[in-house]
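Two complexes, one shared chain (chain A), two partners (chain B, chain C).
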Partner chain A sequence: MFKYILKRIVAFVPTLLIISLMAFIISISAPGDPVERLLRAADSEGGTSEQSNAAAQQRQELRRELGLDRPVFYFTFGTLAQPDTLFKIADQTERKALVKLVNRTGNWEAVSRYFVSLKAARKAHFGINADELVKARMVAEAGTGDSAAMSAADSARYATLKNEYQEKINLSNISYGTLMGTDDERVILTKFDTLQLLYADAGYLAKPALALADVKSAYAEVQNKPTRWKSFVPTLQWHGYFNQYHLWLFGDVPFLRENPGNRTRLGMVRGDFGKSFHDGQPIREKIGQRVMWSLLLAGLGIFFAYIISVPIGIYSAYKRNGWFDRASSIVLFVLYSLPVFFVGTWLLYMFANPDNLVWFPESGIMDPARYNADTMSFFEKVKHRAPFFVLPVLAYTYGSFAFLSRIMRVGMIEVFGQDYIRTARAKGLPEKQVVLKHALRNSLIPIITVFADIFPVAIGGSIIIEMIFSYPGMGVMIYEAVINQDYPVIVTIFTILGFFTMIGYLVSDVLYGIVDPRISYK
Partner chain B sequence: MVHFLLHLLLQIAGIAAVSALFGVALQPNFQKCAIPSWKAFVPFYNLWTWSSLTKNGPFVFLLLLWSFPLPQWWLIMFSFGALLLLTLDTYCLYHQQLPGKWLMALLFTAVAGAVNYYLDGSLLLAANILLFLIPVALLIYWGRSAMVFDRDAYLATEFSFQQYALKQFKRNIPAMVSVYVLAALVLIAVFAPYLANDQPLYAKYRGKTYFPAWTSVFAPTTVDTVYNAAGKPERLQFDITNWKALKLDEVVWAPIPYSPGKSDRYNRDYASPGGPQKFKTVEGEIIEAPSRFRHHLGTDLTGADVLSGLIHGTRISLTIGLISMGIATLIGIVLGSLAGYYGDTGLRTNRIRYWLILAGIGLFFFYGGKLGFWWLGLLFFLFSLFLGWLLSRQKLGWLTDEVHVPVDTFVSRGIEILNSLPRLLIIITITAIVDRSMTLLMVIIGATSWTGIARFTRAELLRTRGLEFIDAARSLGYKESRVIFRHALPNSLAPVFVAIAFGIASAILVESGLSFLGIGVPDDVVTWGQMLSKGRQEFEARWLVYWPGFAIFVTVTAYNLIGEALRDALDPKLKQ
Partner chain C sequence: MSRNLILLRASGLAGVLTLLLSLPGCVPPPDLSRNVVTFHLSAQPDGLHPFNNNSGDRTIIFNYTQKSLVRIDLATLETFAMLAESMPEISEDQLYYKYRIRKGITWDNGEPLTAKDVLFTSKLQVCPLTDNAAVRPNYDTVIDDVILDPNDPYVFTMKAKKVYATNAEIYSEIYIQQQSYWDPDGVLDRYTFKDFYAPDFKAKAGQDLVDWMQEFNNSDNSYLPERLVGLGPYKITAWEADNYIELTRKKNWWGDSDTSRYNANYPEKIVFKIIKDAAATKMALKNQKVDVSVNLGNSSLLKLRALDYFQDAFDSEFVPEYAYAYLGLNMRPEEVGRVPFFADRNVRLAMSYATPVDEIIEVLLYGNGQRQTSQTSPLVPSYNSDLRPIPFNLDTAAMLLTNAGWMDTDGDNIRDKVINGRKVQFKFDMNYFGNSTLSKETALMMKEEYYKVGLEANTVPLDFTILYKKAYEHDFDAMFGVWGGSGSYSDPVQLWHTSSWVNKGSNFVGFGDATSDALIDQCNSKVLPEDRMPVERALQKKIYDDQPYVFLYSRVRPTVIHKRFANRNMYSEKPGLFTNNLKLRPEFAKSSSPLTPEQL
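== the complex of A and B ==
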């Protein structure tokens, strides 16, 4: 038995790995830059220090901390034209444009020179200050650079000039940004022409104009010296274990970091799930608070579902085609077809609505005004919380009634037809013993099979229930994570759910062995 | 009013003309089969009668019915394909099996689709008439030339199990009621734009006659210019013009004169079905709404009509249920039958060939997906297939050893992985990455719900592959694909039908659940789940909870009951 369990656990590993890989692929193909999202979450004002050096530094630091400065996976499929260090380019759109450009021309040296020249052109804008330039010009023209001392006409001219200068500088700067994010030849050439025109009557943009010449010559080289064949040769680029997936799964290796011995991430296998992109909290803490409530809801729901539906199934199989059988099958069928979000909403409307009945509280799991964790005893806490759980558990359970009791009924009917039941009756055993001891045990097998599958269904169904009743479980968290594109949380939940389901399979296998001694795991 | 009646008459005359053509075409066939020949002239009924005789008949008829909610050229495409299939079936009925029947029908469908998509004007009309006349002429020809056909004997011998199952199914009263309910829902879905529309079915404005509801179904942004009394041009864009504010000379409104999702500013803030409702007359005064313009099931926050939303929501729910389950069935049956039939050791090939095929697939995606040269990728793929075939005929020692392709392991692992995650979670996560659209939603639901069907098919084929008739088919030297799809699969489909019926129900539930959370379909599409979620925000508006909930409940129950009845009817254990 023990050996069998061990074997099963070993077999889980590849499945779990594939699930985590699947979730990871989803998470990295999501649009947007996680660093920007995290920074935006950190200070909601944002945008004030877009270009400042400190912000860039912070971004870089964050990128390293999240492991985004590494390649995504152990290997990538590329072309011979593509270098294996492309992952070092942080910006997604820039990287995509660069890959396309390289694959179109095949000449990485020329393309990289072009890219470097574009960066240099952007940098050429750093020293240019519209205000100072205009002041200098006004000093030359009107004799003074101080707007307060100018005549009204000069002052107006000062303002328009300043606007014009600023606009042109911005336009020039932004144009290079656009160039970095595109590989379309027409767009590139058009931009070159626009920039040329822009610089023609703006002497103060001499530095960028000089840079433009560089950019143009670099691009000409890209065009003129293509080595197209290189992009048609597929290559496998091996990055080793210094990659994002490895970091996420196993954490970082201390001696590989710049400051040895300092481990920032422990990895999924050691229980470190990383940080949420939305609020920067460690996911482990975030999930830890919620998983208990979710498990409690699922546990209560499954418990009540089994406790009610198993007797119904037994009785309706025992009195087959009797009035109870017919009535219960109709009622349960209707319940089975009712959508959970309708029932949840209806329960709220009926039993937690000041216009109808206020038997139960509307949402949440406690009343902060009356709840006090320190002074209340355990039973008082349970008594306080119980009403909050009635409606969610009801909404959670009703659908499984029909499902489970039907399986139970079919199983029982099959068993009642067996010879050993007739034998048991012929022996003169009391009916109670025949049904509850001989028949029940054997008809439990199908219902155990269901147990393994019920867990993913339970969590999936609970997303809607938790949303309706504002229950602070994993379901709401999943929803919020998806809405906020908080991918580390989603990946974590995927993996944890996969893990739980595997355990469900294992438990149901073990229960099989207990219920049916004919099954052996040797 | 005269114009409107004329228009209706014209429509009816069109249908009658087409069915008269069908009548002429089918009449000789009907005579041979001793079916009363008046049946050949009743619109739709003639097709149904004839299709019930032929092998793919019911399928063809369903296809025709189901293509109604689709875009126009799809509809025409499917109708033509179905018509040709019907014709070819007629041929098969009298003569021997026609080779490549499905292929021909598919080709014809594609041609009809392309014709209707690309052609225009009189050329389109001519092409369509030609396309239509081909199968009709064939029908007439085969009908006249055929030998005398004994219908009863044919039905008695050919379809014994199907007939038996059908009889069993018909004895199940709840299931039959569900079938009729579903048929009614289909009709509502098909005619939704004419049942609930804020544009009149017919209107006469400044001497001109319009059919806005009809026109706008196929071309929503139809524009016309009229000149008012002052001689000033006035632009009518059918979908945004408020027809209720125009002083129309004559008008026939749709039964529910409101469109889904369009706000009614005089009945905002949850106008109740029984309570006071306002209406703005053409003269501009606001009065208590006359019963013709009442919102019979109330409105939501923006004043959108609930009944109209329900009617149009039927379309979305039925389409999503059917198409997503169609995708799931396709994936599930193919993967399940491969896994069940071959197992882990059944599919054998040379090592070098196996590798080359895998490499070919890789190269296809490398050149096609990464570099954008799909033709080059295809070339490489075909080349590696060819190379594999060539090398597998040589003796190269280890390289040409026989290897097993573990199909079963792959498929079973895939099922296990998909099953271990909640379907709703996977769908929610993917919908967050991609753009919101109906098509994508259908694909996503389909791609995540094939596991049940694959499991059933696999189990059935595991059982079937050991039976004698499969051995017989193989020993006759049939191709593997023919043995699987013509011999093994049709004898294992019974549980799959059951799974499909339940699957449609659950797909509808998933879709409405997603809409309830506000993530599934685009915001401007009105669905039942979305309406229900609005009801949750304001409990006063209980009509927003009850009616959509009732609609979902009825549809899901109908599918579930049908599934249940199918299970009973197709279960060989119950056969007595």
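== the complex of A and C ==
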């Protein structure tokens, strides 16, 4: 048995790695960008001219801090046409457009030149100031650039010209923004025409006009020198250890060394799950603050579910098709069919509502106005908290009654039909001994199978119950992590859930051997 | 034997039931004599670090634990001096802002607040090593330097980088920190603003600073109550994750003698209780377990108000907010290869004429909402009152659509138009946040009216992330959204400048031209509100004329305060009330926590 358990534990390692990898891939494939989300949450507003630069710097800095400036995994499956540096392009739209373009043409060198020329074209707008340009023009035409000193006609012309200049500068800038985010040939060619027309009578846009020529020639190369065959040759691009998954798994601090600071990571294998993208708190602490409450709720729920369901199942099997069996089936299946959000809210309205009964508190796990951890004894604390658990535990438990009691009933009925039960009765053993010793032990296997799933459920908590009763468990944390695209939290939790699922199955297997002597692991 | 089995099980069940039934006695009635305010929060803040967290709930709590040099007055919406003696003296070129700190302000250890603390705080706010990348540009684009007065430890001058609208109010959201608490060795003193702004600062920063910053940025400084220190009248004494945060009144606080609503500290404790579920919040209010809530739904409050016992116990108001709902219309759809339904102003105007806003307010908001005419709330002084709400008029809408070339040429009741040689039917997507019942019902009401003028709106429920991803990528026809707001000046760049469309900022719809950009630049170049106001109004007019949004309604904040407290004033500006100013009424104060005669 010991050898068997050891073997299973050794097998945990690769399974866990695969689970973590799957969770990691799924989480990073989710739409949206955590960096954008963090920036929006801050609702930052900068000055006009600083906006673009500051925003770009912010994004870059946040990406680096979150480790998102690295490739996702050790390697990427791509094509010969795709470079191994695409991950460096932070803007998802631009990256997507580039990928499509390179997939279509197969010529990364040309596509890359085109992209660089677009960036240069946008840069060519820096320093073009409509006000200064118009002032200079008015000095030449009207002798002064000061609108206050101009005649009414000149002043009006000054305003019109400034608007016209600014409008063209904006349009030009916007058009390059569009070009950077599209691979649609129709849009690209239309934009080239629009820009050409725009620059025709706007000498002050000479720099962007010059840049347009480069852009057009770069795009012509994209069109005229396709190497489409490269898009059909699969490649494996190796990124090495500098990747997001490696950072998450092994950290960026060499083994056998302590974590030197706040910005470095030890990695999951050394118990450092990283930090939440959402609030910067270490995930280990986040989980630590909540997991005990989830375990307590699940523990109480499972305890009540089993001590109520198992006897019901046994008695229903014993009195098969009797009134108790039929009545309990109806009642339990009605309960089973009720959704938990309905029952949870109903319990709240029924037992925590001054319009009905105020038997239990409506939310939380304590009354902060009365609870005092320093002065209360252990029993006072238990007495204070106990009422807070009643409604969540009821909501957690009721659905299991039908399920567990039916499993128990079926198991018992099957066993009651066995020869050895008949033999036991024929030997004249007392009925209690026949039922509780001979029959019960052998009908526990299906219940043990169900028991295996309890571990991850207990750790994972229950989102709906925790939301309804404001219960500070893992369920709400998982829900909020998903909503906030908090990848590190999501990946950690799924890995932990995977680990506990494996533990659950191991415990089940061991229990099979204990309850049924016919099962051996030798 | 089977009878024994039944008895055994029955006794077990009876035991469990007895246990359960004995528990109701454990729920005591609310103690209304306690001088403790329980404030309902629907989520816990993302942390309470003085610089590195940004949630709105953090700001609510900081109202009681931290202080800034200046702040906005919730009633008048003007900025006034808080820790400073007065608003800053502004130099003629509007680049130097001289502050004088009030004397007598002390930290928890008795040390006086001096200009050195402000210098320390300002440096932290702009230092590239502080983990506040999301908000740092708000400050490092404004503060160029902080110059101490060598002759007076209470005087300093903030040198601004340029003339900018928020120069005089830049210290309204910077919570001043104690240098001797955080940095007793003076590590930050070794660095200047110039050092921080150097392009290669990160590479050149000394190990002393890097180490100190790592400690300062540690998330323990966001959560551990003993680390969350500040100049406010309350200190954080407990934080149970996702459960509650407890604030306790400080003893011998420097502002104890000040009874103004900003510095009053009547409650002994303020408990922020986190209740996420709407039904549980209602029950908590019915059971009087919560004293204050600003997070209720409209319908919840209406239902509660129908109860006599609730009315007896609580004061409640639907307080108008600055936040407003809108339907954004993509003005530059061709840039992303979409059909240009709303590129023409006539069409956008027609959408506004065809939207039954008054009916939406009446039916869906139970009359608790106000019409919004432009991006600015009617509640703020800079609102342009010349702008009138666009009336619901399907005939005008139809005419405008016809003028724009959209006509029903094939008799299928859907208007069409030939665009780039292709006949296009006016069938557009209307994206909304799928979890919002209000958005869904609003969309359906609008869809019905649009159909009457020959437009087919396809309502598309989307996940929040996808909705905004599409918005930032400009990949939509029309989308529902809500913008929050404040009574203080908000830089229009993010929402309305063309650069914000190019850079994928929040100008989703692609509004803007040279005129609006110039107006925005002008707004931002005026330091004094009175100089800025005419330009702000002109910008509102410009946005109203262009109708990039169908402006729907400004929302109301259902606010509830228990009547056992006096000073139940409610405001539009967040957080909507002063919890510190709630004074337990003498008739409620019994034995447990009597108020002192001074407090009464």
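The definition used in the following text is that the second predicted complex is superposed on the first by the 419 of 522 C-alpha atoms of A that agree within 3 Å, B and C clash if a C-alpha of one lies under 4 Å from a C-alpha of the other, contacts with A are read in each partner's own complex, and residues count from 1 in each chain.
Following the convention adopted for this analysis, a contact is a pair of C-beta atoms (placed from the backbone, for glycine too) under 8 Å apart; a residue touches a chain by one contact, two chains touch by 3 or more.
In this text, all values refer to a predicted model and were calculated from it rather than measured experimentally.
Of the two partner chains placed by the overlay, only chain B lies in contact with A:Ser231; chain C stays clear of it. After overlaying the two complexes on the shared chain, residue contacts for A:Asn353 are found with chain B and with chain C alike. Of the two partner chains placed by superposition, A:Leu86 touches none, neither chain B nor chain C. Within the superposed three-chain model, A:Tyr165 lies in touch with chain C and out of touch with chain B [touch as defined at top].
Of the two partner chains, chain C is the only one touched by A:Ala386; chain B is not.
After overlaying the two complexes on the shared chain, residue contacts for A:Val510 are found with neither chain B nor chain C.
Looking at the superposition, the partner that touches the larger set of chain A residues, chain B or chain C, turns out to be C. Applying the stated contact rule after C-alpha superposition, one finds that A:Val450 touches neither chain B nor chain C.
By the document's definition of touching, of the two partners only chain C reaches A:Pro430; chain B does not.
In the superposition on chain A, contact of A:Ile463 is made with chain B only, not with chain C. On chain A, the surface touched by chain B in one complex and the surface touched by chain C in the other have residues 30-31, 345, 348-349, 353, 355, 467-468, 483, 485 in common. Put simply, chain A touches chain C in their complex at residues 30-33, 36-48, 50-52, 54-58, 61-62, 65, 91, 93, 130, 162-167, 169-170, 173-175, 177-178, 181-182, 184, 186-187, 190, 261-263, 275, 278-282, 285-286, 289-290, 304, 307-308, 311, 314-315, 318-319, 345, 348-349, 352-355, 357-370, 383-384, 386-387, 390, 430-432, 435, 467-470, 472, 476-477, 483, 485.
Residues 362-363, 366-367, 370-371, 413, 416-417, 419-425, 428-430, 432-433, 505, 509, 512-513, 516-517, 519, 529, 532-533, 535-536, 539-540, 542, 545, 548-549, 552-553, 556-557, 560-561 of chain B are the ones touching chain A in the complex.
Within the complex formed with chain B, the chain A residues making contact are 15, 18-19, 22, 26, 29-31, 77, 79, 103, 231-232, 234, 333-334, 336-342, 345-346, 348-349, 353, 355, 453, 456-457, 459-461, 463-464, 467-468, 478-479, 482-483, 485, 490, 493-494, 497-498, 501-502.
The residues of chain C lying in touch with chain A in their complex are 1-2, 4-6, 9, 12-13, 16, 20, 23-24, 26-28, 31, 34, 36, 38, 46-47, 49, 52-55, 128, 131, 133-138, 141-142, 162, 164, 210-211, 214-215, 217-219, 222-223, 238, 240-244, 246, 271, 273-277, 279-281, 283-284, 286-287, 289, 307, 309, 332, 334-337, 463-466, 468-469, 472-473, 484, 490-491, 493-494, 497-506, 510, 512-515, 517-518, 520-521, 524.
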